[in-house]
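Labels run A, B, C, D and E following the written order; every chain starts at residue 1.
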Amino acid sequence: QELTFLTDSSADSVAVTEALTAAYTAAHPDVTFSIETRPGGSEGDNIVKTRLATGEMSDLFIYNSGSLLQALRPDRTLLAIDDIPNFGLINDAFISTVQGSEGGTYGVPYETAQGGGIYYHKPTYEQLGLEIPKTWDAFMANNARIAEETEVAPIAQTYRETWTSQLFVLADYYNVQSEVPAFAEQYTANEAKYATTPAALRGFEKLQEAYEAGYFNEDFGAANYNDGVRMVATGEAAHYPMLTFAVGLFQQNHPDQMEDVGFFAQPGDSADENGLTVWMPTSLYAPRSTEHPEIAKDFLNFVASPEACDIITDTIGATGPYLIEGCTLPPEVPGMVADMLPYFEEEVRTAPALEFLSPVKGPALEQLTVEVGSGIRDAQSAAELYDKDVAKQARQLGLPNW
Amino acid sequence: MSRVVLKNLKKSFGAVDVIQGVDLEIEPGEFCVFVGPSGCGKSTLLRMISGLEEATSGTIGIGDKNVTHSDPSQRGIAMVFQSYALYPHLTVAENIGFGLSLKRMPKPEIASRVQEVARVLQLESLLDRRPKELSGGQRQRVAIGRSIIRNPKVFLFDEPLSNLDAALRSQMRIELTELHERLGTTMIYVTHDQTEAMTMGTKIVVLNRGKIEQVGTPMEVYQNPVTPFVAGFIGSPKMNIFEGKLAHEMGCSTYGIRPEHITVSDGAGKWTGRIRHIERLGADTLLHVDVQDIGQMVARVDGSLDFASNQSVNLTPMAGKEFRYPS
Amino acid sequence: MYRKSPYPYWFILPAAAVFVVLFLVPTIASFYFSLTYWDPFEARFAGVDNYLQFFSEPFLVRGLVNTLVFAFLTSGLKTVLGLLLAVLLTSGIFGQGLLRSVVFFPVLVSTIGVGLLFQELMHPTEGAINVALAAIGIDGPGWLTNPKLALLSVALVDVWRGVGLATLIYIAGLATISQDYYEAARIDGATRLQQFWRVTVPLVRPATTTVIILSLIGGLRLFDLIWAMTRGGPGFSSDVLASVIYKQYQAGFWGLSTAGNVILFLLIACIVAPLAWWLNRKEIQA
Amino acid sequence: MKRRDFVIGVISLCVAFFVFVIPFIFVVINAGKSAQEASQLDFSLPDRWLIWQNLIDVVKARDYALLLAYFNSIVITVGAIALLVIFGAMVGYVVQRRPNRATRIVYAVALSGLMIPPAVVPTIWVLQGLGLFKTLHGMILIQVAYGMGFTVLLFRSFIATIPRDLDEAAIIDGAKPWQIFFRVILPLLKPVTVTVIVVQSISIFNDFTHPLYYLPGAENITVQLTLYNFQSQYVSQMNLLFMNILLITIPPLIVFVFFNRQIVAGMTKGAVKG
Amino acid sequence: MSRVVLKNLKKSFGAVDVIQGVDLEIEPGEFCVFVGPSGCGKSTLLRMISGLEEATSGTIGIGDKNVTHSDPSQRGIAMVFQSYALYPHLTVAENIGFGLSLKRMPKPEIASRVQEVARVLQLESLLDRRPKELSGGQRQRVAIGRSIIRNPKVFLFDEPLSNLDAALRSQMRIELTELHERLGTTMIYVTHDQTEAMTMGTKIVVLNRGKIEQVGTPMEVYQNPVTPFVAGFIGSPKMNIFEGKLAHEMGCSTYGIRPEHITVSDGAGKWTGRIRHIERLGADTLLHVDVQDIGQMVARVDGSLDFASNQSVNLTPMAGKEFRYPS
């Protein structure tokens, strides 16, 4: 049989998909795969939704976990996988992000977990003798010195791809949670707001501060993600806030500078509470409409195995911790990955990003953060607008109390 | 060669009655000309005979058949349009054979019939050209060829010469009359040009405002116009027509005298006037004379005579050539 | 007893079948869905909430203004430049045929291609445009990153891309103007400029109407180029109605997005229909 | 040619060179670079021209997806154009020749297609109901529906310039309605047909939004979607991307070069009501 | 009112010599008609005088000035085009005042001058209409109005009547001649219609293939055509012209006799023939007679005489009316 497989068009996803399906076909010669790519981002989200809704989804597809998954109505459209043999190997925290409201579990992690934080250029730090900042103030102080003493842009921003602008806000969630532990719940229940919760507002404020201090690279409006990675790899910029999946890109484009780049979590206001906001991996799902449910599940089961992790590592290298029990990272991981691993070792030093805790996420966040980051709007008003934006989503989902 | 009979034919476009009850018999083999001023309904009448326009009421008979409600192609008629309506994308041969090819006649047969028609109309050397590459007169002949090939019982022409220049027009007039003599088919010919009407028809139908004013041979119509309208319309130069005082003096409500029936002299005459304008046509000369109390009168004199503008002349109508119409 | 028309209605059927089934039915269905909370999986009736929501979108006003600015700007520029180019390209200058092709060439390139290309050319520091400006000592702006300029830049690119078609329509329009008019004007002593203003401009009016109407509809509906170049950004500064609608669609707010579609349609109809009526009326008078 | 015309011509050519040609030179240069060089995106000539190499890479990418895409796009474009021309001309013909309330409504509805943005999801449902979703014929029909407004507009005004005498001559020759249309009218529509072909085939060939929705599936890829092969959120291979742009611009270019001289004639009477 | 002098004027389009050396003097106040077959260069010559076409060589003088290289607007001429070239977007008043408004003359002044012109041409009631709403004759008058308002020294007309129907044409002929009498301006008038040439001009210039064949008053040209071309071209119906045997017998290489100068009788005559075709025009009748060994001859007889097709008749040329041309 031939199964169809819809993946996003990033080189990593395609490579991983090709490797995994090839391995599976090697073991099951009667099963082959036809791989189809779709654009990423919300354009891709939409295609996934449309095709699911119209019953035209491929037999396997990869998609986000967390709040975006809820919009797929997983209980109705996806194949539950609670009964696959390797179910027990999957990390519990992850499972909660791929569950529907009725308790079924639908996805297996397709990649490693991600941290959201700040890449930094090690040689610059060494040259100026800077320390890894534990607080926002320390971070800004570092930036101030970089701006003063070097030609280097303290912070790289890349707004040509707007999604990259959200990092200061999203990756700040560890700090929000440590101050207001119930924020996610209250937020879902329409009881807490970004604009009225000072801790939550800080994310926007940090972005605004960074802009106002003039720490961004000159062409931040036109630079893209590639440029961001290049800048921090080559030392054109000292910092680049980003998710850790960027490791793959560093490896591909700047293999020689791998060890010039380090990583730290986005600092909060208190040095004691220093931890990492974590993104759950993209997941692999099968739709209910598939004509090959057994094979699809078997493939999912295969992906949820240490064997599959190794294949992924072989294909694109190690980019973070796997969420499958028994998966191991190779002994030698790039420095930036190594920088991330300590956070995962202590439970309290990580917190999932808000989108994995609450189904409420507004679509306009990236534009708003671009505005704050470009000085078009201040943090307070952006937060207010974001709260409004979020209401649409809640109403659409029919959440109570909105 | 068929008789065409129209009985109480009427046509309205919306509220406008364009043809207001026409009765007419056209004998087999006749060359019948519909003439009248622009907008009088000539084309409409012709199109009703062709079937392109549905009659509002009345009947149309062609041959022995009542064709009032037949399809145009079933009436045994052929039509030549003012624009000729040649298919620009087809060659002359294809244009002529178009009707046959619609009936899925075998190609060789079409070709031989086209060849024959082309011979009659001397179009043989032009068969592969397209309409664009033809002169006006040649186009005309192709349009006629397209009609002839259908072996129609009646030919219909709608001002076929009005797009041609004067020289060609007079040549084509003769060609068409000769064609009629050769084929002997009934022909109905629409024109607003009274020279064409006079020289071509065996019967003239003068139309005015959707009604027939007079039917007759050209000479009958010229010599005995039954209404002032016909009197004024037929004949070139136009008849001098007067109402009012002069007519009153003459004991009628409309008085008419043709320019060629006025004698001009320096001596005594019925009317005295001043020459206002002279048109020398070569063989003839037209004098436009201002006659006191009556108005302008045109007289035709021999081209060799000499007149000068502003000269005073005396005019006399020829006896027996005057027309008097009661009101 | 009435004979069949030679222009039978069934000629309309094939086109109508395709059009009704694939365009009209979905469109009418979407009018209903604009009254629901609708996502891929369900549609809950919402009354006019979507419309209220759409009008309370904080960026709607911005988007609306941008749409109008964009549409009128591009259609105005296309009209003016198209006419000037057409006059130039019918005046018998050297290389006329080649120029016509060159001007039309951008029409051939896909929107994505154009978008990508200009994103690169308009890059604030490395883009060819600013590099060229820098060479003559001008500090080029951030064409697509400056919120005040982004919409304008996209509009310029849209003009660049679409002026070929406008020129073509104008060339066709100029071809219908009899030379007699120009000769009469020359005898009256009209200068070239006067010939242009007093003869060409009024007589090429039917083409102007076509260009204005087509480019206005295109401008009001324009989505793909904006999306390819700025995605409405930076922030919301180059958002137009169509991109706002698309974003709602992307976010899964299909009912809201459909309501936006209805509003966009009404907007287009309200602007274009009276304008077309007005332009055509003047034409008939002429 | 007067000297003035020559001078103006040369100046115009120079300006046109800067405004219209330079951008394409940019594309060509970058299509010939290596990935590294191309990521700089400047006007410098490549160290080594890799045109051929890049071309092969682009064609080979994703199992020769580009060739498949060419095939699909051409099938869609040709199919849709054929139907658009015939159906559109038929509508324009009846609407123009038989002016009454019914045809005026038909015309207005057709024009509304120019103004109303299509509703994607219901359309997918309809396509599914008809078994046309994910098929090339479905896509063809979609393009026909979306292109109908403009096509009818052009045909209608062009047909107004064809004298009715021709129809009537054919009627008298005994032609049936469909014979009048196909044997007399349609051949005369050539100039405006050329315009329709050029304008619509370019827009259909360059369309990417609609195939994205109505024609999912790797085997259904169309040329515009091949651009995604080289542009993703994460990695971009600009050299291949520009090569791809170059390659997919060729078919419209051929259409244009082929019909260049005739386009204006159709516009003259179609769009401008000459 | 100015003299127009053309000296050895030539014009070539590429390799084609369209005007091949024309010398002509037109006296002040003359109404000069250029006549000739289509394509002979009439329009080109007129356009060279107007300045719309540059002369290849030779000089053009208007009044006392050499205007060979002047701008059209500097030559003191006005031109009425065959198409009239009225601006469809302007009203009649605006059309007439167009030239003045180009010179930025104040509006009230333009209005008063337009008013005056409109009075002369009886266009007062039409000033607010647009050209579309006018009849052919009215459009013509507007076109003339647009010329008159410039106070030109010379009026140029290029076949201004050819778009009009026959009745209107003959009316406009008179109006134009009267206008010329009233204004007294020099007028140059192009036509290929020899009736217009005969009736309107004080001087006729017959052109053929870019050369002048004859210059003279209408009657001179009619009575003494100096070449066979002029003989055949001027006069309606056309002169009978023969070469070959008959001419030889007459002692010349081309022999011509006008239809109106042939007497037809049943009795004796110079030539004997059969009537092939009869055209009855009302007042006159044209007989197309096949004369053995010679060919077809047309004779004009009085309309009241009776002839029948195929009848045999004898024809005699009137003495002194024959034309003989050596080779």
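Assume a contact is a pair of C-beta atoms (placed from the backbone, for glycine too) under 8 Å apart; a residue touches a chain by one contact, two chains touch by 3 or more.
For reference, the UniProt names are B, E = ATP-binding cassette domain-containing protein; C = Sugar ABC transporter permease; D = Carbohydrate ABC transporter permease.
Everything numeric here is computed off the predicted structure, so don't read it as measured data.
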Smallest count of steps, each to a touching chain, taking chain C to chain D: 1
Where chain A and chain C overlap in contact partners, by chain label: D
Where chain C and chain E are represented by their mean Cα positions, the distance between them in whole Å: 54
Centroid of chain A to centroid of chain E, CA atoms only: how many Å? 91
Distance from the CA centroid of chain D to that of chain E, rounded to the nearest Å? 54
Where chain C touches two or more other chains, by residue: 40, 123, 126-127, 249
Two or more other chains touching the same residue: where does that happen in chain A? 50, 53-54
Sites on chain A touched by chain D in the complex: 4, 8-12, 34-41, 47, 50-51, 53-56, 161, 163, 224-226, 248-249, 252-253
Which positions of chain A touch chain C when the two form their complex? 42-43, 45-46, 49-50, 52-54, 71-73, 76-77, 159-160, 162, 218-222, 363-364, 367-368, 370-371, 374, 376-377, 385, 388, 392-393, 395-396, 398
Residue positions on chain D within touch of chain C in the complex are 1, 5-10, 12-13, 16-17, 19-24, 26-27, 40-43, 83, 86-88, 90-91, 93-95, 97-98, 102-103, 106, 109-110, 113-123, 125-127, 130, 141-142, 144-146, 148, 152, 167, 171, 177, 180-181, 199, 202, 205-206, 208-209, 224, 227, 231, 238, 241, 245, 248-249, 252-253, 256-257, 260, 263-268, 271-274
Partner chain D, residues of chain B touching it in the complex: 50-52, 71-73, 77-79, 81-85, 87-89, 98-99, 102-103, 146, 150
Could you pull out which chain D residues touch chain B in their complex? 163, 165-166, 168-176, 179, 183-184, 187-188, 190
